[in-house]
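Labels for the chains are A, B, C and D, by order of writing; each one numbers its residues from 1.
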Amino acid sequence: MIRRSILNLLSPKKPAESIEEMGSRQLLMPFVRGGCDGCGKCASACPSGAIDVGKEWTIDLGKCIFCMDCVGECPLSAIERVPSPLYALKREDLVFGASRPPGPAGGALDEPTVAALGESVSIRELDTGSCNGCEVEVNCMSNPYYDMGRFGLKIVASPRHADMLLVTGPMTNNMRKAALDTFEATPSPKVVVAMGTCAISGGIFAGGDVSGEGVGDTLGVDLFIPGCPPPPERAVLAILRAFGRQ
Amino acid sequence: MNPFEIVLMALQAAALMAVSPLVVGIIRKIKARMQNKVGASVLQPYRDLRKMFRKESAVSENASFLFRLIPYVCLTSMLLLAAMTPFVYTQVIAPYADVIAMVYIFTMFRFAMVLGGLEGGSAFGGMGSSREVMMSVLIEPALLISIMTLSAMTGAGFDLSAISGSINARGAAAICPALLLAGTSFVITMVAENTRVPFDNPDTHLELTMVHEGMLLEYSGRGLAIMEFASMVRLTIFMALLGTLFFPWGTAMAMTAAELSVSLLAITVKMLAIAFGIALLESTVAKMRVFRMPNMLTASFALALMAMVSLYVL
Amino acid sequence: MRLGDPIACDPALLAQYVKAYCDEGWRVVSMFASESSPGSTVNVLLRRGGEVARVASETVGSYPAVSALVPAASVFERAMWEMSGVVPEGHGYLVPAIYWRKGDGHPLQKAPYSIDGEERVPLPNNPIRGAGLFEIPVGPVHAGVIEPGHFRFSVAGEPILEMRVHLGYAHKGIEKMMEGPVSRNRAHLAERISGDNAVAHSLACAHIVEGDAPVPRRARQIRVILSEIERIHNHLDVLAGLCTDCAFSVAAAYGSEVRERLLRANREIFGNRLLMGNVVPGGVRNDLSREDVSKLEAAVMHAGFGAKKLEGYIRRTPSVVDRLETTGVLRTEDALRYGTVGVVARASGVASDVRAELPYEEYGALSFNPVSLKKGDVMSRAAVRADEIVESVSLILQCTSEMEEGEIRRGYETPDGLSCGIVESPRGELVHCADVRDGEVWRYSIRDPSFVNWPAMEVAVLDNIVPDFPLINKSFGLSYSGNDV
Amino acid sequence: MDVLGFHFQDTVIVAGFFAATLVPALVGIVLGAIFKSNKVANVVASLCIVSCAVSVSTYPLWHLGLALEYTLPIPSAIGEYRLAIDQLTACMISFSSVIFMLIVVHVVKSTSDSGCRYSALLNALFLACFSCMSADSVLVLLFSWELVTLTTFLLSKKGNNDHARWMFFAIAHLGGMVLICAYSFMASVAGTQVLSQWDGLSSALGHWTSMALIMAIVMGFGTKLGLIPFHAWMPDLYATAPIHTATLLSTVCSNVAILMVFKTVFSYIGITAALTPIAFAIVIIAVATALWGALESLVQREPKKLLAYSSMENMALVVLCMALGIIYIVESPALAKLVLVAGLLHTLNHSVFKSLMLMSIDTVEDCTGEKNIGRMGGLSRTLPALSAVAIIGILAMAAVPPTNGFVSEWLMIQSLMGADLESKGMSLVIPLILAAVGICGMMMAASYARLYGFIFLGRPRSEAMENPRPMKRGTILPLALLAALCLGMGLFAMTIMDVLAASIVSLIGMPPSPGYRSVMSGELLPLVLGTAVVATVAVLYWASKRGAQPEREVPTWSCGEDLDENMQYSSIGFTQPLVKVFHPFYGDTTVVRETKDSKVRTVIIEFVEPFVKYLYKPLGALLTGISERIGKTQTGNIQTYFAYVLITLVVTLLAVRVF
């Protein structure tokens, strides 16, 4: 173990990826640029009801679980896979259609919060009943590949020490009180992040024994990170960009 | 003591406190690199402290005035200790740098922390306090005796300036079985007192295993910043004591530019070496079981006693 | 797998029937109530090696508790009482298991039911008293990145005198959501019962939906590959987690590095880090190209080497071994009494493995050595995991070396009646059961391995000290979401 | 003599002083014996306060140069009734009177129904203590010492606590008997009963006899100090007796015992080099007592019992200082002076913080009706004033700078470290003592943290804690004064030390130089350190509060579930790790019993004092048998006790005269 420690210490090459490397990997989402006849097969194939063909073809990235079942269903093969945006600051910014195509995400959190927390973000992960997929990825955020510690992000043990509640899961009824308690226990300024589809909208669990549609109905959310689950590099990048870094 | 010397002593205390987040940052950086990570910048602790200092405090509704006062008591005790610790210059605020008072100020720090852990009335704070108390019963006497050994070895009384002056003046000749034994005991004490691996895990996310962190669970904002800072200063003080008292080379004994610059270089090298040692220990050893700790601490205690006895027997 | 006609019995005799089976070496695999008029049918699934039996009993309101005679039934009866309203009379510890809310009716009943406000049933105190004893409540919001669950320790200092696990925070009503027309695609929902065991759950679900129609051999081989990759990354997670929990940071980082490489390979080859979306009813979604296969072999072998190396780090460091050995011992008799499954059982000397006893997919055609150890401590559970990773690598390589060419998906038809899917998930024997009536799933029951292993942990932690609990918990490596469905 | 422009004869002032001190107390006794009403009780207590107030002037009067000697005009066949006050005695009397006075003030303020008898006995106890400290003849000494035992015994009656009282009486009386024999023997060797004429009897006694006598004196007085194995009465009596009795026993009576030990050992017997071996024996007893007190305090469930073990530990440290004084005195008088000053200072400090803590704890019990520390908690929010004075007392007990407790421990360790380690195998002994003192100190600190933490901090653990009755009006006053003394004596410790150092010259007969300060480090440390601590905390607090974000009160973080009162650390659990570490000392006395009815297991954890279990239980059966018989025949009548004590004394003294 001593040997490995010292070798690691001295080795100049680390597996950690640069921000550019992390940013180069895309998470693809289904999207129709045109040529949709509104047959609705894709909408009925969607397990989480993310697609609406009512007025125009729209997809709610906050509901999409990225299963791509819709792609094969389209008789016109009009559904393409396009890069999805990293994050959104408002829930409605996650709905895309021909009139509002997905582009790179922009915008940062409000100025005072960024100024207060920008360089050092203590994260308290709050699982409100997720499937454990997001937890796997949150744990990966601190492995040597993503190494979020180098950006000043760290997981802390108590909400008292936290600046950010990283909320996963659809907010089950049984977790509602605990989530409110955690929010209450966190000193301000604080940021609430909805990570993953079920935190944003309830996702595939919407309509189950959960409280409302996602975390936003219980806590005010400042940052939405779509994905089911969002890969670790996307979560890290989304947090960094929302704080105006890179 | 001329005024210039007093200024120098004050500067040395201020410098010790100022570099303590850097010291912690360096240890964390080394640890991260050993884990094959890049790790946070060595300046990250400063950023963390600044952020916490600006945050709101969420205080438990069961906490009393003590809870609000304790961070300041802890910081004060560290301030006093910083002024008593030889760092780049062997002279410290003599004649008030009394080694016995030093140990009692450490006790004051612990006592305040333990009471702070009991504030709020959660099970975790009590758990941290309870374990801290168990450790302190064995740590403090060992610390007392290992420092006393130095006092007896140098015959310099209780004045830390005189002790460190005497040891540094002797240089390599100061190295004797007593110094080595006391030094070993001091290293164990340092690791335990600062609740580091293998006694406690400073990076733990498990509330059930915490010692030091458990007592801090209820603090937030400014109070937390101060408590964290005080802990950083405590670690730096121990490292500085280890560097100047048990590795007696290079510390300035006179106030000349040459000696001071050599001393600055020497203490930098020593602190880096100790930081590396701590990081290596923390990387290669697992946290021990709670009830194995007493064995380790008793060993430290026995080493300190042997050091003392060896002074006269050998 | 379709289940034949049950052994029907009078509710008053149900306990005796089940006891008689258990005395013969059968084990309660699952219990669930399926609504029928006027009451409910209590189904008890039992297994002995490759044999599966079902005892069914029509109850109205209540019946004498099976757990009075067979302790393993206790947690099932708590869930049935709460979710379906079947009252086990004489149950020794009738505390909610999942739902924790009062209301008119029960969540799994067909008639509409309503909840009394947001108030939850207060968690009960531990059944232990004494001056100086106190309770340490931990969770549902833990200090680490863990799923929500509540642990209640009764201690008078460090040694744990009593511990109770209270779950249900991740309850999302998945069993209810699974009901509906059989034609619906349930794979995505099944994968998210427990995201880290996505393959196992979707496979169990597929087994029900597919009936007894065979899927193409190539698909079966890919399914084995997926299952085993999932096992490797779960086991690696536990091994790395054990290192983290005892502050053995370099090894922990190494473990997470090895795992991350595997997850990246998953993403590259199968399109998803957690292998979601790959198992579909009738086969698998993604075929493997030649290139994929060689990438896969490399990735899997790297993971296998990494796991051995990690195990070596653990075994060669006395301070870690000291933490892991003799900690959290689950004795063989307790493992049997609570009907534990999977790694937990195998580390305590109960060699039960669905892959060997009731082979599904291609397992019957592959050779592997089931791993089993006797001591039942944290170290044994870690060792079983490390050895199983090696076995998994071998299974995957056996599949890739003789991949059959051909289609990967075939049509299927779901039969009416009661069918079940039993697979060996990384955590152990996983059972899905569905009661299909007239092309509708009438009742869908999910029994995650965690459901039967959680009660065993309540015994394994006794007399250990509080700070060793995280290690014990990690070594069990149980799911909360899968338990709470 | 010229005081404030008046001219008096010394003798007039001295007689006036003794009259002013003794007469109010005597009047009080008479009034208390005649009347029964509560109003008179207050008058009686006020008379006691007057006596105390007058006797506070003892040291100033001595300082003015008055020879405070007095012979009671009572002719006697067995000796004169002489009182004489030297500098050390004056010091101790003045100080003890302050404590006595504050305690009586607290009696008046806190108890409305203590009754005339109690007040009268307080007067009697004051008289007994005063005359014992100032005794100049064996008869006065022994008589008043017996009177101290007797009055405290009578004062300690409360409810049905006969067992504890008789245990105390038996043990204290055993000590009294030993003392009677020892002093009678010394009187016969010295040929006079006048103590001030016994100057260094050791040469006449021979060193074996001297050593035996020193041991007898230490153990004789040690029965009241709680030296092992005579501590067994303390916890029970502290817990069951009226609090002021316990406080007086722990503070003023201990001061008396310590003073008498010091005077007898150093002045009357006199130390020579040959006597050092006995000091090592005393060191062993003292260290064992200190360790035992510390260990037992960790597992106590009643705060008062915890404080009883704390008294035991503190007094053991003082005895340790005395023993070290014996060891040092021959080789290094300056060091001996330092250690004796440390011991005396610690005695004084102990009486301040212990009276503060005992009365604070009693206030807690009084306001909440709860005696079990395991069911307390959260009082800092409901009784803020009490918690503020109590934290000062706790810090003082735990020797946290800048309180008075710190100064005396600091001196003790200095004197230990100043020892000339190259002689007499001290290099082996001193580090061990140092280690023991260190461990004791930390264990006691753990106990005190537990005491404060589980009474005042956290959340209430029972209904009674949530809404305590308010404190009785005015009771905070004496407590606040004591708290102020804790701080003041810490800050101005050097002044008190100088006075004590000057006083013990009369004891050990040394010229003022070399001064004890020559072997001491950091002369002004207490004041500088104290000011630094207080000022820095204040400045930091003030500076940091400016521009800070507002504070928000939130519930204690509970991981998202509700907390009930049983979900916080328990006081037994708090020290359980330590009990486990030191389990050889608790051994089979930690009993964990489990009972299981249908659904709920019950775990019972018990601690039994081994001394009680193995020594006093068997012995106690015998002793209680005897004391019960005494109780039956004598029906608790004061006069009969007096007669009994007098008869014992007279018979012994006559016996000595005859042989």
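In this text, a contact is a pair of C-beta atoms (placed from the backbone, for glycine too) under 8 Å apart; a residue touches a chain by one contact, two chains touch by 3 or more.
Computed from a predicted structure; not experimentally measured.
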Closest chain to global C-alpha mean, per-chain Cα centroids: B
A-C against A-B, pair bridged by the larger set of C-beta contacts: A-C
CA centroid of subunit A to CA centroid of subunit C, Å: 27
Between subunit B and subunit A, distance of the C-alpha-averaged centres to the nearest whole Å: 41
Chain centre separation in whole Å, for subunit D relative to subunit A (CA means): 67
Mean-CA-position distance for subunit C and subunit B (Å): 47
Multi-partner residues of subunit A (at least 2 other chains): 1, 5, 8, 15, 144, 155, 157-160, 175, 177-179, 181-182, 185, 187-188
Residue list for subunit B, restricted to those that touch at least two other chains: 34-37, 54-58, 123, 127, 130, 204-207, 217-218, 221, 283-284, 290-291
In subunit D, residues with contacts to at least two other chains: 549, 552, 554-555, 557-561, 563, 567-569, 573-577, 580
Subunit A - residues contacting subunit B, complex: 1-2, 5-6, 8-9, 11, 14-16, 116-117, 119-120, 122, 144, 147, 149-152, 154-158, 160-161, 163, 185-189
Residues of subunit B defined as touching subunit A within the complex: 30, 32-41, 44, 47-48, 50-51, 54-58, 204-207, 210, 213, 216-221, 224, 280, 283-284
Complex contact set, residues of subunit A against subunit C: 1, 4-5, 8, 15, 45, 47-48, 65, 67-69, 125-140, 142-145, 155, 157-159, 169-170, 172-179, 181-182, 204-205, 207-210, 228-229, 231
Of all residues in subunit C, those that touch subunit D in their complex: 92-93, 122-123, 125, 127-142, 148, 150, 155-158, 161-162
Subunit C to subunit A touching residues, read off their complex: 100-101, 107, 115, 118, 120, 140-141, 143-148, 168-174, 176-177, 185, 188-189, 191-196, 198, 237, 250-251, 253-254, 256-257, 259-260, 263-264, 267, 273-274, 276-277, 313, 316-317, 479-482, 484
